[in-house]
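Before I ask anything, let me first share the structure, which is written out below as structure tokens.
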């Protein structure tokens, strides 16, 4: 199942998105039956855009939290702040989402601290509750509430991985890069560069993605191809734009960079 | 001794549960003789449901705490909060359970910080007391109070394991997956999919569980089979539902995923 | 020198205890000459009970502290708490014991943080003082004050061990399991099961203890034998009670568990 | 693409800078199309000066943050401070930059704590927002806002490296040392020493830079050559100035220092 | 240079001490010329007693601080405490000693946190000042102020060692165990057991000390011999007293303990 | 380039110092041209004394900070303290030095926490500013302000080393021990012992310094020779004074100590 990063046509208010598989229907089924969803896929393949699209399509508010090494359960649920000498409870983004309904999206969830699972588990089984130990409340999630989490499988390590007891609480969808023609259309629309001039850039991106795992930690994202095309459309020489937009962001290794430049020169001229 | 995750018939107020062994009698004996109980078993095999069932059956309030890496003794017993410039003691869930009686259930107790044992030990020997060092109180547990802890033996590591001095304070019960016919009935009831259509899904789950330890960290839970059947009942093509509900949540490894898909195709067609 | 966990006869107010050696006389001599005492021995062998017994026998109040990974000197001595915008000093359990006299018992002292030694050292040499740096006080221990610490030598690691400079401040006593006949009497009294029915359980416990170090981290405690006998007296089938009370609490390893069950079946039938 | 550290002529208000490639045009294109920029290069090669130059040229305020091991997201976004018993929100430098527009420059961004990425990601994709979880605000960056980050690839380690998911959000430019003639002009202008007397110092610097990776962790920066020339212009003997300005700051190793002195004596005499 | 732990005769107010070398004269010279002193030696060899003796002899107040893993500079110098909503500075023990004069004794100084050196260095060179960064004060030590530190060389590890830049700020004295006849006299006086009955105990202690480094981490201290003799004088059988006072406190290893018992039986009978 | 620890003649107000090279002129040039200075050298070789001398000579206030493991940027720049329920900013020593001008001397700078570089970098390039993120201020250093840092190259480890990006911001000077005749004069003046009696001590110090790297972590400092001579002048026997002043402070190793004593006996007699 593959999903699109950007799309050619867009409706006002609804973030543009063209499905490359059945991911929209699956997401809607999951939401209607109150199943939480896990999105897997590499950097910049459109997971965030997909969630924004679905939230707009289903008419749901979207609460996004970018997870990181120091994110704790309290950052999600809330904490007491000092106000006028007294402590006042302040809801976190997850608590707000549970109170108001809608989608709560935890981006790169494996980065968060381990105590975050404590608030996810009771929300992702048949209880669908959010216990707030500090206030003594136990919030029941409304029907419209849906939990969506994402991560990049390429980054998982022994220290940073979802435990099976957490993973098995989600319906999971894998995202990948766009097929060439779709990617050309997306890049052309986003950058204003003609499809004919975008085609070799997308071709180069495909070649660079094939090197992932050998010399590169991760393949070039569609976002970088858009950057590169934008610079070219603004008048930057092609070679400079490719270097700044598609080579330098990938690696610092002198030898790898030389190899990538060889590939680029052979394909772009 | 095997215990059921879900059951076919359910009475109002009493969470549905069908015992697969003598675990209900054993639990009741333990409660009557004030012995603490330790539940062992894999993800989603019904430990939490079993405790909810027994609490309702014995007419006891149930206090559940999901343990995690940062959970400390103070999260269980309580702490001082600032109120109007003064510090006010606020009971934690364990303290509330000891004051009011009933079951206090610590889910995945091995995840908690080590100082938690300090509040468990005096509650699990013949003293049955909860000393609150911060307030200077020493609460005696009422007869109705029972401590139940659980963990998943598959996760134990050198760093995260119950010390013998803690383990030996509990009567222990091991839980496993449901026998096939019971699991088919449970999944059919929960998902609304007919038992005939559920049967191959449960068969597939059994095959995937047999791979645990080789390629998979943990076998597929009954919860995931319910997810998969729910998606099928909602109109998702079977292959898509199996992928999203029973394969993607298990692994990110390309080779393992391909192997699981081969198994699935052979069994589901 | 062996000491009893529980005893058959008990006097009101005085926790039952039958000495298996000269430990009571030794303890009393140490108390009279103001020597601190260190109790060594495995889980559940009766160290805590022995201290409670001696405290009652000598007519001394008993202050018990269960030590853990996060226990600091301040948890023992006290700290400033905020009251009405002001900081008010609150004694910890050790400080209370020094002010009021009696026995202060630090259970599993090797678990405590290293700064705890700072309050133990001046209390265990000829100064017998407790300096409270935060308040500027220096309390002299009264004649009746006695410091008792315990630990389980089986748990000591490089990171968690008493330094010689601390150990050499204590008279030390080692505790072990009860002789069979004494253990049968204790278990029978505690569980209500007849001595004849207890005898094979105690025999099994002896066999399981002999496996310690090979397959088991620690042998079965008398407490677990009491649990097992209690379940049998309550009507649980013997095999189920042995599994839940004497096997499952010892190990999660499938092969070790099978070996223990073989031993159990051979001895219990 | 190479960029100059310092330049010979300077205009009032505009920090002097002579481009050695197309980096100025590229930077301006990136700013006009709202693309974030990543500057890579060794110590003291002029990255900070380049950003100051471009900020002045584009008429933008410049907010600089030197990143370090303990820099957290809150240091960038802001925090609550206690004022008169109440907590008052105080903007951090990134928040001020987003509110007011202009360039926010994070120097040596790989040094910062991992939670910093959480505030960079939504600012570097098409949302261009800064979510302030603590205040509940979500600031939209104005058109004039631009995020620039820099780091030294020579320092990256496994623990300290930009994740691909962060790197791929930037157009990247690599900086190196100045060509000889340009460096001679810069050093002469900055130090007041005549170009003929500067020439052998720059020649020596080139030789020392060639040793990087073998005996030296990093080559001598143009800044150090300016220091050396300044000391000579002030009357310090050449050998002393070279030792204090170009040898001692590079190494503490006795053998390496002797080798560097040999090189210096051979070239300077 | 050897120093005595305890002595036979004692004057009121002056802690008993019999010098075994020139340590008293050396200490007094150091004090008169304002040189700081470092005492090295094993557990319980009398370092603390020696300092108490010298303080009394020189008529100086003695401020003792037992150092530990968590002791910081602020614990020595002082900190702000909240009083009535305001922060009030409270001197630590080192600051009090500098303000009032006299000896400040840091016992086991290698245990303290590294920032402690920051307050020791300016006090131990010709400045003799204590800078209090938090209050902005810079206290000049009076002539009578003397800094004394001690540690046990047997415990030093790579992580816990005095840096040369700290060590070289002290005149150093090494302490050892007492010669036999002096130790017999001390033990007899302290325990009330006759010298003839003490003699074999001291002989045994000498044998056990010779095993240090092979099977024992540290030899038996004079304090333990006193404990053992005290128990014997109170009526404890000799074998029991030796076991509790001189064997059990030394080791938990079964084999080592058996070897020590063999030695004890051969010597005591 | 060698510098003297102490000198024979001293002027009132000006700390005595006799230059052994051109270090005074170099320091003055650096100060006039606003170049920061880095002093390298072993323990007690006179770096601190040199800075005090130069500060007095140039008529500048001197702000000294002894760096340590826990020293953070906030310790240098300042922090908010609670006063009457409000937070009041309090300048740290570096901020005071920047506001008032003069020399700020960070002793053993490699010991400080890594975030300290964040305040050093903008002060050591052409900006010469101190940004105070917490108050929002950006202080411009006055012309008289000079930053001086020192460290001991012998202590640098992988974890504790100046990064090139920090080192290359300083003119660097290396310090060593005094030539014999100068050292004899210094020791004689400081201790009151005649030069003839000091000569063999300085000779012994030279021999012991030659052992550095083999058996000794660092050679004996001039300070220790002064201690030793002071004890001898006070009447301590030479052998005792050498042991306490020049041997015991260097090592705890029994074999090394024996070797040092052999050297001492051979030279002192």
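Note that the chains take the letters A, B, C, D, E and F in the order they are written out, and that residue 1 is the start of every chain.
We take it that a residue touches a chain if its C-beta (ideal position, glycine included) is under 8 Å from a C-beta of that chain, and two chains touch if they have at least 3 such contacts.
Everything numeric here is computed off the predicted structure, so don't read it as measured data.
*Asks:* Return the chains shared as contacts by subunit A and subunit D, ordered by label.
*Replies:* The common neighbours do not exist; no chain touches both.
*Asks:* With chain centres taken as the means of their Cα atoms, state the distance from subunit E to subunit F in Å.
*Replies:* Subunit E and subunit F have C-alpha centres separated by 31 Å.
*Asks:* Rounded to a whole Å, what is the gap between the Cα centroids of subunit C and subunit F?
*Replies:* About 53 Å separates the centre of subunit C from that of subunit F.
*Asks:* Taking each chain's centre as the mean position of its Cα atoms, how many Å separate subunit B from subunit F?
*Replies:* Centre-to-centre distance between subunit B and subunit F: 61 Å.
*Asks:* Tell me, which residues of subunit D touch at least two other chains?
*Replies:* In subunit D, 82, 85 touch at least two other chains.
*Asks:* Sort the chain contact graph into one of these: line, ring, star, complete or other.
*Replies:* ring
*Asks:* Could you walk the ring starting from subunit B, turning first toward subunit C, and list the chains encountered?
*Replies:* If we begin at subunit B and move toward subunit C, the chains come in the order B, C, E, F, D, A.
*Asks:* Help me check something: in the complex, which residues belonging to subunit D touch subunit A?
*Replies:* Going by the criterion above, the answer is residues 1, 22, 25-26, 29-30, 32-33, 35, 38, 40, 72-73, 80, 82, 85-87, 113-115, 117-118, 121-122, 125, 131, 133, 153, 156, 163-165, 167-174.
*Asks:* Would you tell me which residues of subunit E are touching subunit C in their complex?
*Replies:* Residues of subunit E touching subunit C: 43-44, 48, 64-71, 75, 81-85, 92-93, 107-108, 111, 152, 155, 217-218, 220-221, 223-224, 227, 230-231, 234-237, 240, 243-245, 248-250, 252.
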